[in-house]
Amino acid sequence: VATVPLIAEEAAPAEVKAVYDDIKSRRGVDRINNFWKALANDPANLARFWEDMQRVMGKGALDPLVKELIYVAVSITNNCEYCIHSHTAAARQRGLTDEQYREFLAVIGLAARANALVTAMKVPVDQQYLV
Amino acid sequence: VATVPLIAEEAAPAEVKAVYDDIKSRRGVDRINNFWKALANDPANLARFWEDMQRVMGKGALDPLVKELIYVAVSITNNCEYCIHSHTAAARQRGLTDEQYREFLAVIGLAARANALVTAMKVPVDQQYLV
Amino acid sequence: VATVPLIAEEAAPAEVKAVYDDIKSRRGVDRINNFWKALANDPANLARFWEDMQRVMGKGALDPLVKELIYVAVSITNNCEYCIHSHTAAARQRGLTDEQYREFLAVIGLAARANALVTAMKVPVDQQYLV
Amino acid sequence: VATVPLIAEEAAPAEVKAVYDDIKSRRGVDRINNFWKALANDPANLARFWEDMQRVMGKGALDPLVKELIYVAVSITNNCEYCIHSHTAAARQRGLTDEQYREFLAVIGLAARANALVTAMKVPVDQQYLV
Amino acid sequence: VATVPLIAEEAAPAEVKAVYDDIKSRRGVDRINNFWKALANDPANLARFWEDMQRVMGKGALDPLVKELIYVAVSITNNCEYCIHSHTAAARQRGLTDEQYREFLAVIGLAARANALVTAMKVPVDQQYLV
Amino acid sequence: VATVPLIAEEAAPAEVKAVYDDIKSRRGVDRINNFWKALANDPANLARFWEDMQRVMGKGALDPLVKELIYVAVSITNNCEYCIHSHTAAARQRGLTDEQYREFLAVIGLAARANALVTAMKVPVDQQYLV
């Protein structure tokens, strides 16, 4: 259960409805997922977040699939269940193969282990990385 | 200051020296960075970690640059200063451009914000992501 | 399922019962929530935590509602589901309005984003903040 | 040392300069702190973040001082050194007293302890919080 | 629901089956828990992780029960629900008493509180700890 | 630089001085480390934390060295530099050997890796752990 009501499409005020319609048309989907329905309690923030998401996650110098993997990596480390599920699904939709996902998970595990060891031993940063 | 001595190359026992030499030859560098010198207090673990790193971070279904970015994403979220510095440097060595880094940072910021909002509102996972 | 039994009111030893009664009378509620029932496996710790909670969360130089919001901010960032639910509810009971909650969430999102960006870029602390 | 160059005021392109000038005039300060100088490597993101910060952190249904405390609470839990220093300073500038800061710290400590205990014991959320 | 299929024992390829059999025989259990069934999507990683787990968690200079408690302490702080449940159970199997668990939880709570306070106040490390 | 003044022994009010003296006499040391000098800005909290620390960290069903290792495990995962340094030092003082520390670090690394993998794949908790 969310701490806020999820704003259903049929109950959405015009300002929210406009964003919902834009999400559906740009993504080619016919329903709005819960993240937006929760955000919609703050219509101005909803519109702004949707703008940011399009601006940031689209094709640029990095591939959209790569961006999704970076997004999932952050979400795993922050332990955001919703974000892990929705963006792993988004990565698959953008073409993530099983082989790539296996490699992704191996990097996640390696980095988490290295992070813990380095932090435990307080390894000083080498001079070469500081220029 | 580290919580363990950093094992200098000239003081390394044979088992450690062999790993150091392998790192230098495979990476084409002439010095060992502090991470390995700290790990070297446990020679068996050093050898195993170096094996894992080669196995995991090399070219596969994902590009080595992409793997570095995923590694940095985890390290930022875990706030591991050493790892951020060393793997951002590694990503640059693997060809990360300024434009790509800007986009990377924008994804990091967006994911962190979304993670916090979703966690705050306890948004329930949509059924569609659970199949 | 908890890793410890939840100590029901009718099964509580006298030492625990006394704390339960104090919680109910001071809070004006007629049932004990699960946090205390789990803590009650360590009666001394239960009594001490309840003392701390009253001492810390009551009216002082900061308003109790403000204290709840700070508590929720920590709980979100630590991703403690129980704590988010129970203290968001407590904040509402202390008068949190929808408008205030919207603003609270916006701050949470902004701070999380800024934290990630600053950590990613290892921005050095300005001299002016170090005096 | 940051992973990006800090864009000095005199070296800033027009787009960045405009934001710097706005920051200085609205805040009544005569220098730009490092956060903005790091963000300025991505001028579009700099402008957008500055807009967000004004929109979110200003006076609303919550007091600006309360917003700073929420911001610092997130930053402490994320362990963002820069953010802790800069926003604790900002809170003091907005009138935070020593007494209020003492109470703030006590809440931070209490919440962190409760979060850890609840997570350790996996306390199930009471039904009453789920409506 | 996991993001990968859980590889059932009867559907496991030979390479995975061999690890499953080793787990069952060394642990004296007759079923494989979900962690291994998820890892089994990457058979090489499965084998390697099982090797690491035996090497790391067995009797050495530290007692296996102590190792489990350290493992649980990390898992609590990372908020890994599965890991908390499975390794608290493992600790109990290795003889953890209720009294020990109470003391363990008290240390967890104290450390989390101290960590938050120290991070909030940015307490400088004493010279004596840096030699 | 701390966000609060460190209260020197010679400047401490009587209430703080009494705690300082107790720390020095019980620990057999002749100086107070910075953690207490920072906490001392809130004398009531200082006294209470010192009480808690003695109550929690002393000999009980768990050995004081084991308690220090659990404390360090939490501090590493929370990335609290001060706490890692001071409690790793405390563990050494309580007899931690190099061999034990190596094993401790191996457990830390293994748990961090497993936590990340399990969280990434959202492995469902086995029924057997939920009773």
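In this document, chain identifiers A, B, C, D, E and F correspond to the written order of the chains, with residue numbering beginning at 1 in each.
Everything that follows uses one rule, which is that a contact is a pair of C-beta atoms (placed from the backbone, for glycine too) under 8 Å apart; a residue touches a chain by one contact, two chains touch by 3 or more.
Please read all numbers here as calculations on a predicted model, not as lab measurements.
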| item | value |
| --- | --- |
| D-F compared against A-D, more contacting pairs | D-F |
| Chain pair among A-F, A-B or A-E whose interface repeats that of D-E, sharing over half of the contact pairs by residue number | A-F |
| Inter-centroid spacing, chain E versus chain B (mean Cα positions, whole Å) | 22 |
| Interchain centroid distance [CA atoms averaged], chain B/chain D, Å | 27 |
| Multi-partner residues of chain C (each touching 2 or more other chains) | 1, 3-4, 52, 74, 76-81, 84-85, 102, 105-106, 108-117, 119-122, 130 |
| Complex interface listing, chain F residues touching chain C | 1, 48, 52, 130-131 |
| Residue ranges of chain D in contact with chain E within the complex | 72, 76-77, 79, 81, 84-85, 105, 108-117, 119-122 |
| In the complex with chain F, residue positions of chain D that touch it | 79, 84-85, 88, 98, 101-102, 105-106, 109, 116 |
| Touch list for chain B against partner chain F, complex | 3-4, 41-42, 45, 74, 78-80 |
| Residue numbers on chain A that touch chain B, as the complex places them | 1-4, 6, 33-35, 38-39, 49, 52-53, 55-57, 60-62, 66-67, 69-71, 73-78, 80-83, 85-87, 89, 97, 99-100, 102-104, 106-108, 110-126, 128-130 |
